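Across the two complexes that follow, chain A remains constant while its partner is chain B and subsequently chain C.
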Partner chain A sequence: MPDTYPREIIEDLVDDSLEWDQLHDMMSKFKDTDRFQQVREVLQERVDWEDPIIIPYAEHLYIVAKSADRWVIKCDCGHEFCEHDQNWKREALINVRDSTEAYREIYPEGMHPHPDYMELREFFCPGCKTLLEVENMMPGYPLVHTFEPDIETFYDEWIDEPIPTPESA
Partner chain B sequence: MATSEDEDTDRSPEVLSIDAGGTMTDTFLMDEGGEFTIGKAKTTPDDESRGFVNSSEDALDDWGLDIDESFPSLTSTVYSGTAMLNRLVERESEVNVGVLTTGGMEDTLRMGRGRQSYTGYSYSDRLHVNTHKHPEPLIERDMIRGVRERIDVKGNELVPLYEDDVREGVKDLLDRDVDHIVVMFMHSYQNESHERRTKELAQEIIDAQDAETTVMLSSEYYPTLKELQRLNTTVAEAYAAEPSREQLTNVQEAVDDHGGDIGVRVMASHGGTIDIEANELARTMISGPIGGMIGANYFGRQTGYENMVCTDIGGTSFDMGIIIDNDWEIDYNPEMARLLLTLPMVNMESVGAGTGSYVRVNPTFDTIELGPESAGDQVGVSAVETDVDTVTVTDCHVAMGWIDPENFLGGDMPIDRAVAEREIREQVATPMNLGVHEAAQGVVDILENKLRNDLEAVVTGAGYSPSNFKCLSYGGGGPVHTAGYTRGLGFDEVLVPEFAAAFSAFGCGAADYEYRYDQTTSIDIDPNVSMEEAADTAGARLTEVWSNLEEKIVDEFSNSNIGRDEIDFQYHILGQYQGQLNSIDITSPVAKANEPEKLEQLLETFEAGYRRQYSEEARSPELGHTITQASVRGVQNVTKPKIPEEEPVGPEPPEAAFKSPRNAYWDGNWLETRIYDLHELEPGNKVSGPAVLEGAATTFVLPPEYETHLDRHRVHHLKHTG
Partner chain C sequence: MSSEHDASETQSVGEQAAEDEDVTYPRMRREQELVEEKLEDLGEGIGWNGKTLKTQMEGVEERTDSTDHYDGQEELELKSENPIEYEQMFSQLRGDLVTARETSKEVAATPIVEQEGELCYGLFTPEGDSIAVSTGIIVHIHTMSEAIKYMINHDFEESPGIEPGDVFVNNDTHVGNVHPCDIATLIPIFHEGELVAWAGGVTHVIDTGAIGPGSMNVSQASRFGDGAHYCRKIGEDFELYNSWEKDYVDKTRTPEFLKLDERTRMTGCLMIRDAVKELIDEYGVDEFKQLSRESVEDGRRGFRNRIKRTMLPGTYRGVSFVDALYEGQENLTREYANENHIMHAPSELHVREDGTFQVSFEGANKWGWHPYNCTPAAIQGGIWVMLTQTVIPNENVNDGAYYACDFHLPEGSWANTQNTETAHAYAWHYLVSAWAPLWQHLSRGYYARGFWEEINAGNANTSNWLQGGGIDQFDKLHAVNSFEAACEGVGARYVEDGEPHAAAIWNPEGDMGDAEVWERTEPLPFLGRAVKPNTGGPGRRAGGAGFESLRTVSDVTRWLLYEMGNGYMTSDSGLFGGYPAASGYILNAQNTDLKQRFENGEEYPQHDLDPESGAFEAQIDGDITRTPKGISTPKEFEDHDLYLNYLRGGSGLGDPLERDPEEVLSDIHDGYVLPRHAEDAYGVVVEQVSEDAKHNSAVDGEFEIDEAATRDRREEMMDERAEEAVPASEWYEEQRERIQAERDLIDDVKKTYVSSMRMSEQFTDFFRNFWDLSEDFEFNLSDEAEKSLEYRFGSGFKRKWDNYTRSHESWHGVGREDEPVVPYTWTDRSLKDLSGPSASFDERTRATDDD
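Up next is the complex of A and B:
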């Protein structure tokens, strides 16, 4: 078991460009101890802004430190959504597909849910207009708050490292 | 039966068994007196016959013999290669294969089935969904054509064969220069008429185009249910096995050129050997260590042991198999190269733990874990000439003084005990807060506990108790752990052959010349009909299937000019009570079931088998019976290796057997331990533990409170006296 992998492998892992055999090997072995920090560094290098990434939040989204006690959800284009414990979807541009016509734009005939039972919500970044997430819910159901990470516990008890701040970065 | 290096030109080699592996070709050569020697040479993938000749010469060298004067005396030659299996593993073949299948089923190879996404993986990778992945299919999607037709599960035609689809598909595939066209239609094992007609139509087009393409029908090769397995196997036959025919022919020519007067046979998964001209070659891609099972069964037949559990520990795995009434169980859907196949294969359970298994401390749980990876033949960190850097189980043996660093593999591999101790301390003992030898003992205990649990599960899981069995232990690493993994299980006896390391090779030499064919059936014997009526209907149908399979075997043997009267036939069924999911394997006492008395005998044998496996209370003859598969085996007698036979002398080992004693670590204590030369012990000798018996390729460990005696066949009988 390597305690750590070379930087190139972690970059390939982030890009999903590893060969299956290699990926399978990494999954089967004990986890490398510095995997999180290595992945975080690769991601940090790829964004154009300075705020330190605390955790990757979803595809294109991160929780970043604005100060030692303020963390926000930010897109890789630089657009900032909200505080880390709020639902970023409320700040997103939303397209709702709740009719047969709207469904038929992206589904073959007869292959989509009935609009009376399910609506499709597409969330876009107001900054770069990237499609960030899609959820399929009953009409009237509130926006799903998918993930509210416990950052203190993760840093203190799981990886035993200080939480990055703008000063430490 | 020891390796002999005497220069003795009077010897007459009889049995030659050669295993061409990925890198090395190993030879096992036995003379008319039952003595054997081994040889090695590099495998030559371009022309395997060169490796075959070199390896044979290496073995003959030991006896000071020349190949041209020795080959004429051979009476049995068994060859097994890995080229076929490699084509599957690498998904690379020199031939181009096209497939015609039932319309709508064109994606069968890509979709596979759930089990195929984790088959062949380690236990933890089978448990975790994120490590599952469907394997690469053998055939590209654009080489597969659908044909409209449909046969149902009972063999009725639901949709007739659309012959124009066949013609179009064949022409299309011929335009793509295919060497073989594989035809697999749904339920063709029940009704092969559509496949047959397809072959006729295809042949007309092939002949008209003057092409050399062959047409292979799944119903001719593997008439068994489950379309994925049937298609995988028929494709494997075309893709991997057929291209090997030329290599095997080269090997045969090499034997002929050197004056050999014997047909080369190939080891097959069903536990027999077959001719290189056999129609079905795919079953010679063996991926399991079945040689040892064959050897054990042969040994058992000679010595009167009917029920045996075979255990084989090598560097990477622990393999277990059961022999009952001198026959093994068959696995009808084995896995090779991550593909599920439909081939009869001697059933063995394999666990990814061996003497070369890596030992690591799990950083999350602070526990010692073994494998699943291993150093294999690189032994461990203490083998200083290799580049292994993770501690292995063998390193622990070295640290504990069980293995003599000066005498590992007869001294061929330099071992450094200080390195073993240093690395165990650093990698295992310190993180676990243990002493070095305590940690080493812990590792050995974990391995032996694991093997013991697995072994018990295999025996009791099949419905038997260990007390009905003799446990046979072999393989390079087996005898080091035999006492540990059999402790407390209550086997009738525990046997360790002196030639444990060469036992699998011995087994390959002991294989019968045997063809075996299977056919899926759905023959119901209803409970409320008379035996006369059942014999006229179900019995007659079973007899017909048997006799068709018998014809296939006669046909195979006739390829090698062996007539029907030289063949011994055995008949088998898979049977169940009507409506059950699983069938049991029954060796039929009769060759025909179309008379009431004979069918009754067959059913009685089934009832006895069911009672043995599941208990009297579980029998349910009132449900009626279903025969789900019929099988026939045809065997022709061949020369077998001899089992040593020596007159026992007294219990006291001869002077020459004693080596200087040393201290070894046993369960927390350093004890002075007697060391013996395994090969100098004589039949009748008794030895008690703590002792280590050292041989050329095997170390037999006798812990305190154990004793062993060597019998007239040079097999040790291990006993717990505590």
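Up next is the complex of A and C:
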């Protein structure tokens, strides 16, 4: 049971370049205790900005500390969406596939949802135009706020560490 | 079958009886004498220390409730004092359960059990909590648990009695099952006059006598078309009652297969009983009892620990939908069932500060006149089997995980009908679709925590189901249920593409099965079987591809076939920018010229790899049905007709424009992606450099990447995104106006919203608040839709359980005006407003700074 992995293994994980046998071992073994800290450190080195990462939020997205009491959702391109407890999709660019023609760009004929029953909502970063999420929704459905992490409980009670601030970074 | 048949075996009890070689099951006879003495002479129950089972179960629930530890096991004494012995005993049990499964499945004759492994075994405490499980379709570990609790709670101990050598059966969904085609055999295990455990096994049978042939018919409106239901004692002295053997075989179209399935389950259960006896002989009964209690608490703690180790506390939300289209279908059992349904499954997960795992479906819409409704046992067992594939992928799997989770399943919704009129024959259609967001909840937690090797975009919609029956090639009444559906593409992972044609979520060890074996039991020869392109969702990591089989019909009379799967909706979304898997469609050909083509040596269809190519239609003459729907009711097929069995793919992960073009090229050559979609979905421009490809499937080296054109195309696509996408605020205003005007919203969609609003005040508030609608906003429905809702909401409840135990209180959802057991936070409130893991919004007094 590894309490920790070598730094280069974690870098390869973040880069999605681990070999299958390495991945298989990683999945089969007990989980290492410092994974969060290691991944966070690697990600912090990879981004071009200085705001300390509090948590990786989704692929390309982070919750970062702007001050000791202000956290925002930020893309790795540098675009800042909103406060950490708000739904970033409200600040994104959106394209909706709700016609047969739009569906046929992705799926063959007859193998896509019926536009009257379901639409695909594509959310892009206004900064880098990366596609961050695709949701398959019944028309008229509200935007879903998918993840509200309890950061205070996580840092204070689960890993017993101070929450990063610009001063501590 | 049992070692008790071996007269040379040394017996620790019942020695006198064992000396008599004419007595079978001498241990059982001795146990029967002891139980008779307790019941009749001493007036005691069969539980521990003379308690009745019901009293014993109430005690376990009370201690669990008051201590927050299973059965009050605050200290794991056996594990802490003698950890090696604890592990040895548990591993021995686990090994014996797996052995029972692997051995007994050879008794079965159906490919469903023998090829696909659609069976499982569990060992349970006297109160019905699972201690250890085999591999296989372990969703049924928890459903069997509920069946045992039902029998205890409904005084089976008094009538018909629970005694050594008894055999019980259950397949009733409302007692504890997913659907009636999963039949459970349960036998009690006694030691010195006390019930020490239950052994249980489940197999998925071919046919349960539903209104249409096959194990999961789709044309019925109610339970009364689902097939036969049983929850009863069916034998004693380990012999099945004559009346049972004469009875149930006439309630199925496939009696011989069901008889062998029953022997399969009996074999496994008796093997488990022997294993328990051996363990008790070796370690003593007190140690066994202690193990049975501690292992459940150990499982509960293991689950909590794993959550705290790999997830982030907080709230995770998602929603999924799937279609069940019945408007215009033929052969429906009721005229009022002639309508379309959409499943609405809002999914909310709270991971609380102590690792508590709370799942809520508040906002789910009403059940329907279709066989896709669910019971709490189905939902809880289903989620449990899903969790074993991600949170607890180890041997320490038992009902401890169930005790670590809180569920809120709105009473009267499709997720908890509490009405024995509802049909459940293929509850999985809704189940599998409904837990799609749960994969994503977990994946978001794993992402935030850094365990990226565990991230998975989701599972496939596990269809199509090829089913039917009639007079087969042996001139016998027969039914078929192809379990090729146990093999679907799976969702993409963060670090790998989804596995193509791999497994189904409900059976982690599923397989497509050998074509030759299916052909032995189904008069449906294969014309072709191949990977199906563009079934997996595009993404940086692509969803695993599904596959297809093209079947014909041979040597049958009055033969029916039908389809079951998603069509107008795709149930699993992609993750982090990946796209959902493709949805389904139906392709049949009837009254064909296939026979003439065979005789003349002409080409005939083997595939439908590219539905747009026209290849299928060019190779067959006949009445061709090609429709993007997923469900059809039984329809007659004749020799040389054609049926496409399309098994779905998994969803994708990540922005497709980040996928390495070389991998897209491999996708083309492997048959996962049609060349034209390389550019549309991935921005990869390829050119054909060889003409060697056949059957629409590329071969290695046929295509090459145009690197410059790919670079240009991807840049163009980024520009197009910027030009075509709009700020979400702009979109919001347009949509709000659309909803207010009810513009471009079809009746089926509005009916789904209205149904959820009538079910849930909380969802109503969420919907109105989000779109800033008036407090009395409602959609206008057609008369037909209004009538449908009135019929269903007016049906009320018709509960199976006469009364509920403490642990079943959550089965009683809450009324529309009350707070759900699991806090509802889709509106503008947060878990962080609560003070402790057990606090809810209706317990405001607990939410103080002093807590």
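The criterion applied here is as follows: the second predicted complex is superposed on the first by the 169 of 169 C-alpha atoms of A that agree within 3 Å, B and C clash if a C-alpha of one lies under 4 Å from a C-alpha of the other, contacts with A are read in each partner's own complex, and residues count from 1 in each chain.
Please note the rule applied: a residue touches a chain if its C-beta (ideal position, glycine included) is under 8 Å from a C-beta of that chain, and two chains touch if they have at least 3 such contacts.
Treat the numbers as computed from the prediction; the structure is a model and nothing was measured.
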item	value
Which of chain B and chain C A:E91 touches, first, second, both or neither	second
Per-residue contact with chain A, leading partner among chain C and chain B	C
Partner chain in contact with A:E11 - chain B first, chain C second, else both or neither	neither
Contacts of A:E80 with chain B and chain C, given as first, second, both or neither	neither
Partner chain in contact with A:Y117 - chain B first, chain C second, else both or neither	second
Intersection of chain A interface sets (partners chain B, chain C)	20, 27, 31, 33
Sites on chain A touched by chain C in the complex	10, 13-14, 16, 18, 20, 23, 26-27, 31, 33, 35-36, 38-40, 55-60, 85, 89-96, 105-114, 116-118, 120, 122-124, 126, 129-154, 157-158
Residue numbers on chain A that touch chain B, as the complex places them	1, 20, 24, 27-28, 30-31, 33
Residues of chain B defined as touching chain A within the complex	122, 124-125, 128, 130-131, 133, 360, 362-364, 372, 390
Residue numbers on chain C that touch chain A, as the complex places them	306, 308-310, 312-319, 321, 323, 342, 344, 351, 353, 393, 440, 444, 447-454, 494-496, 533-535, 538, 567-570, 572-580, 582-585, 610-612, 626-628, 653-658, 674, 677, 680-681, 718, 721-722, 724-729, 731-732, 735, 738-739, 744-746, 748-749, 752-753, 766-767, 770-771, 825-826, 830-832
